[in-house]
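If you scroll down you'll find the structure; I have some questions about it.
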Amino acid sequence: MNYQKILQEIKDEVKPILNKGKIADYIPALGRVNPSHFAMSLSLFDGRTFGVGDVEHKFSIQSISKVFTYSMAISHYEKILHKRVGHEPSGNPFNSLVQLEYENGIPRNPFINAGAIVITDMLNSKYKEKTFSKILDFIKSVNNNQNINYDKEVASSEAEFGYRNMALVNMMKSFKNITNNIEDVMDIYFKQCSISMSSSELSRAMLFLANHGIDPITKARFLTSSQAKRVSSLMLTCGHYDASGDFAFRVGLPGKSGVGGGIVAIVPEHMSICVWSPGLNSKGNSLAGTKALELFTTKTGLSIF
Amino acid sequence: MNYQKILQEIKDEVKPILNKGKIADYIPALGRVNPSHFAMSLSLFDGRTFGVGDVEHKFSIQSISKVFTYSMAISHYEKILHKRVGHEPSGNPFNSLVQLEYENGIPRNPFINAGAIVITDMLNSKYKEKTFSKILDFIKSVNNNQNINYDKEVASSEAEFGYRNMALVNMMKSFKNITNNIEDVMDIYFKQCSISMSSSELSRAMLFLANHGIDPITKARFLTSSQAKRVSSLMLTCGHYDASGDFAFRVGLPGKSGVGGGIVAIVPEHMSICVWSPGLNSKGNSLAGTKALELFTTKTGLSIF
Amino acid sequence: MNYQKILQEIKDEVKPILNKGKIADYIPALGRVNPSHFAMSLSLFDGRTFGVGDVEHKFSIQSISKVFTYSMAISHYEKILHKRVGHEPSGNPFNSLVQLEYENGIPRNPFINAGAIVITDMLNSKYKEKTFSKILDFIKSVNNNQNINYDKEVASSEAEFGYRNMALVNMMKSFKNITNNIEDVMDIYFKQCSISMSSSELSRAMLFLANHGIDPITKARFLTSSQAKRVSSLMLTCGHYDASGDFAFRVGLPGKSGVGGGIVAIVPEHMSICVWSPGLNSKGNSLAGTKALELFTTKTGLSIF
Amino acid sequence: MNYQKILQEIKDEVKPILNKGKIADYIPALGRVNPSHFAMSLSLFDGRTFGVGDVEHKFSIQSISKVFTYSMAISHYEKILHKRVGHEPSGNPFNSLVQLEYENGIPRNPFINAGAIVITDMLNSKYKEKTFSKILDFIKSVNNNQNINYDKEVASSEAEFGYRNMALVNMMKSFKNITNNIEDVMDIYFKQCSISMSSSELSRAMLFLANHGIDPITKARFLTSSQAKRVSSLMLTCGHYDASGDFAFRVGLPGKSGVGGGIVAIVPEHMSICVWSPGLNSKGNSLAGTKALELFTTKTGLSIF
């Protein structure tokens, strides 16, 4: 298939909606992004890559970081992880406290904020003061690239305006589902959300998940096949907040979005994809990014269904 | 792959848990089923079939009927269907009224009871007094088998004890999301839940969904490729009530369960499967059936992830 | 105190807001009422009565009927009544199903629809097919007046459009908190809501509650002192749906409103009051009626606080 | 009436249930209280007082402090206060976050934790760093007694284990309903909950509320008559968390309880009352204290209904 031509067509087709989305503006550093950015990158198992648009422009990965931290946690805590966080779709907006309260501080899944915070708490129990650098190391490894860091301004803004997340972590602490110091856990969490990566980097970093846990190029194993399947199934059922069903419906690939406008997706046994466009739809997912992925599966016939 | 051998192994391995589940007993006719039944059937595209256990024993398909009625509705109402019923996981037990009330009478998806009732109402608008016979006709067609009927005793018990469903339909009517007479709609709905089919019949009946909407044997087209993909994605994200994430996690196939103990699943572009064991787990899905499917994907490596 | 003068002042002061409320129009027969009606009546223990406006105009008492049926039920079922219906404020709009579901079919109190339906079910268990005529007899007795009946057109409209109430009763039946036939219970319930009374009649009918359960004029005892206190306390905490706190705050008297625009209130050991104006505020209580009662307690200093 | 004799009878009658309640043990300093304590105090307008039991034993007033801070706030912010906190019963356990989230960070009333924290935030806007000393001053004034302070150990335990309250305040901050620094507000809030007072002091301190806002002994005015009526009506409808209706039902007086085991109540135009017994019922109110007040209104006939 001529992937480069397909990507170019997609870029042309989404152009009219690039400015229709809404930039996440809950923190100033995110709100300053130019809404007309667009990038789409593919990584194949044989090392070939394809891309259109601002594929080297770094942006805030935000919730996409949850895929990395969950992958780290499942490799260390496979047996016990799901006693502290479920794996069911949440059926509610991504920051809802309601469900958390009814379910005694056990978040529905690791891809809503509350669940990701529990995962960070678990990593903090294992790696102590080195936790954030271990998270960065993991991302550098799966990306086979040392040039990854976080944006200090975004991280400090997250901390300054993160009242919702502070509410979540305090409630979970009241249910004893946070074991470390709240400030420590949230410092790491806000940093991981503030990691900056480009579309081409994120696409590369997902290859191991498309290939049963093994980087198809370096041959490094990061997860067992069963663990990789679990991450993928969660991406499909829970990767897009309250629009996960819609994404499965329209795109048909495991994916994960972030409010920075990035979306990663995998075609199992074929490739990994990243698309970036900062304007969000009403559910908090990239408007043009979702459309681009829908066009991609329609044009290529690649879908898990 | 030696499917017959794999099925036999699975049958042996689930034997110890056959009596550990709980039979659905909200209506007497369902409660009388022998809990030690087990059947598992596969249907391949080339016409070969495999099976172990009571594969010809007819049981109440219950919520599996929702796959058929949704398939019928999507082929007629593709554009407008999702104004009246969503396609997001419900995140709540399958019979909850809460979400329905907060969301103004629009059910979360067509596989929870409320959503399936709306689908039946849509079919009733199209087929009037012939609606139930049209549903039976559709199932006979996809099954390539005229010998399908419903169990009158189960249907009348459903109607007699269906207070929850009567609450749901009345609430949706108050939100004007039911357009026909409540009694007519519920009569059809209770009958469709009471259809009796065997494991081998249900497996055969799902083949068209595994093959992009076309029966691979008769070559009859029932849905467009895009419509079939939508049914499959809904089965994956919403097919098992509040355990849909768990099913995706453990089995990794689009599936749909019913409280009669049946579960259907598809391996896209490969085969369709039905397993039956009447004992249910705490989420209302067949206990041994879920385990059997998990063993199947582990043993065969067949999974969409 | 010159009550007649005070009533006249109130009538003048509320005149500008008479047309600001919204007439209940969920059934046509209610929607046809002229919004400029206003009536206010007082009944004293010595038999004196005062009134302004359309004090003899009959209107639909609607939820005010719940005071009568609860009074009947508490005198027969005092010990067991509150196992089937609570006595806490509901903290939610009056027709919410959410709380009912979370609390296993036990309504929060007898003055929300669900609770009143349970009360009617209890009376139905006692009086069988005579239940509605017994309710009418009770109202005639406390009113010392045989000229009370219900409006057949309103009752049949209630039944025709009462999907919410049908949802409530079906859900409670699913929790086994309705013991009689649903159709029988709802036929009585819709009739009791459709009883027509005038402001002067309703004021007279509440005298026994202001006097510890004894009609101060005829000396007939309808409730024990303790039972009368319970009815009054419920009127204070739960008498105005989701605006009960606001009513206690602004008026400071036990009261009960209905969507027909009537409100009854009592000044314990002093008098009973009825005010009627069909325009409702956003909470479903008479807009001018609530204002009139607030003016009344401000002008007279009569309040329980 | 022979109040002393009545109090003595009550003390004897509640003795068997003194050890049946559960001591609040969420913080160690509270958990160490001896459960067999009991005290009951009355304060009359003419200066006479009556008491039985440990009437001079100081205990943690906890949520009773909300009556004082709300009284302070309503005298300064009468017009705008209820834009930031409602006056409806909450219909949910006292620490629920659910309702707060659905209602955009506006607490239901000033007597649930969230509402009391908003009130403290309002006082903090007015009194800045002097806020807590102003609260103490107010209590000393209404008590006509300089010997009131807070328990530093309890306050620091509240802060250490107050995750629920930290969740509440962070959520309200995310809705912009907290205007000051979270740490400052919570420091004051935890201190006000930790104020220690005896039964005789608390009874004395409530006299102004029983007398339309004026201390009947010193003649000092603390609130207007209308403001005092508002505090009383809130005590009646919202004073006992999710058992406010039950308290109105059984006792029939405006009251406010705290998890330290204290309950204050007023008989408008007659007297104020305090009862203390540390064992709590399942709703978090003093078990023997509630019973004692029920016995008191039954024996004296004093009730607002």
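Of note:
By letter and in written order, the chains are A, B, C and D; residue numbering begins at 1 in each of them.
Criterion: a residue touches a chain if its C-beta (ideal position, glycine included) is under 8 Å from a C-beta of that chain, and two chains touch if they have at least 3 such contacts.
Nothing here was measured: the structure is a model prediction, and the numbers come from that model.
Here the repeat of B-C among A-D, C-D or A-B is A-D, since over half of its contact pairs match by residue number. In this assembly, the C-alpha centroid of subunit A lies 32 Å from the C-alpha centroid of subunit B. Subunit A and subunit C, compared by their mean Cα positions, are separated by 55 Å. Per-chain Cα centroids separate subunit A from subunit D by 47 Å.
The complete set of chain-chain contacts reads A-B, A-D, B-C, C-D. Contacts from subunit B toward subunit C in the complex involve residues 96-98, 101-102, 163-164, 166-168, 170-171, 173-174.
Contacts from subunit D toward subunit C in the complex involve residues 86-92, 99, 108-109, 228-230, 232-234, 236-238, 242-246, 248-249, 252, 254, 268, 303-305.
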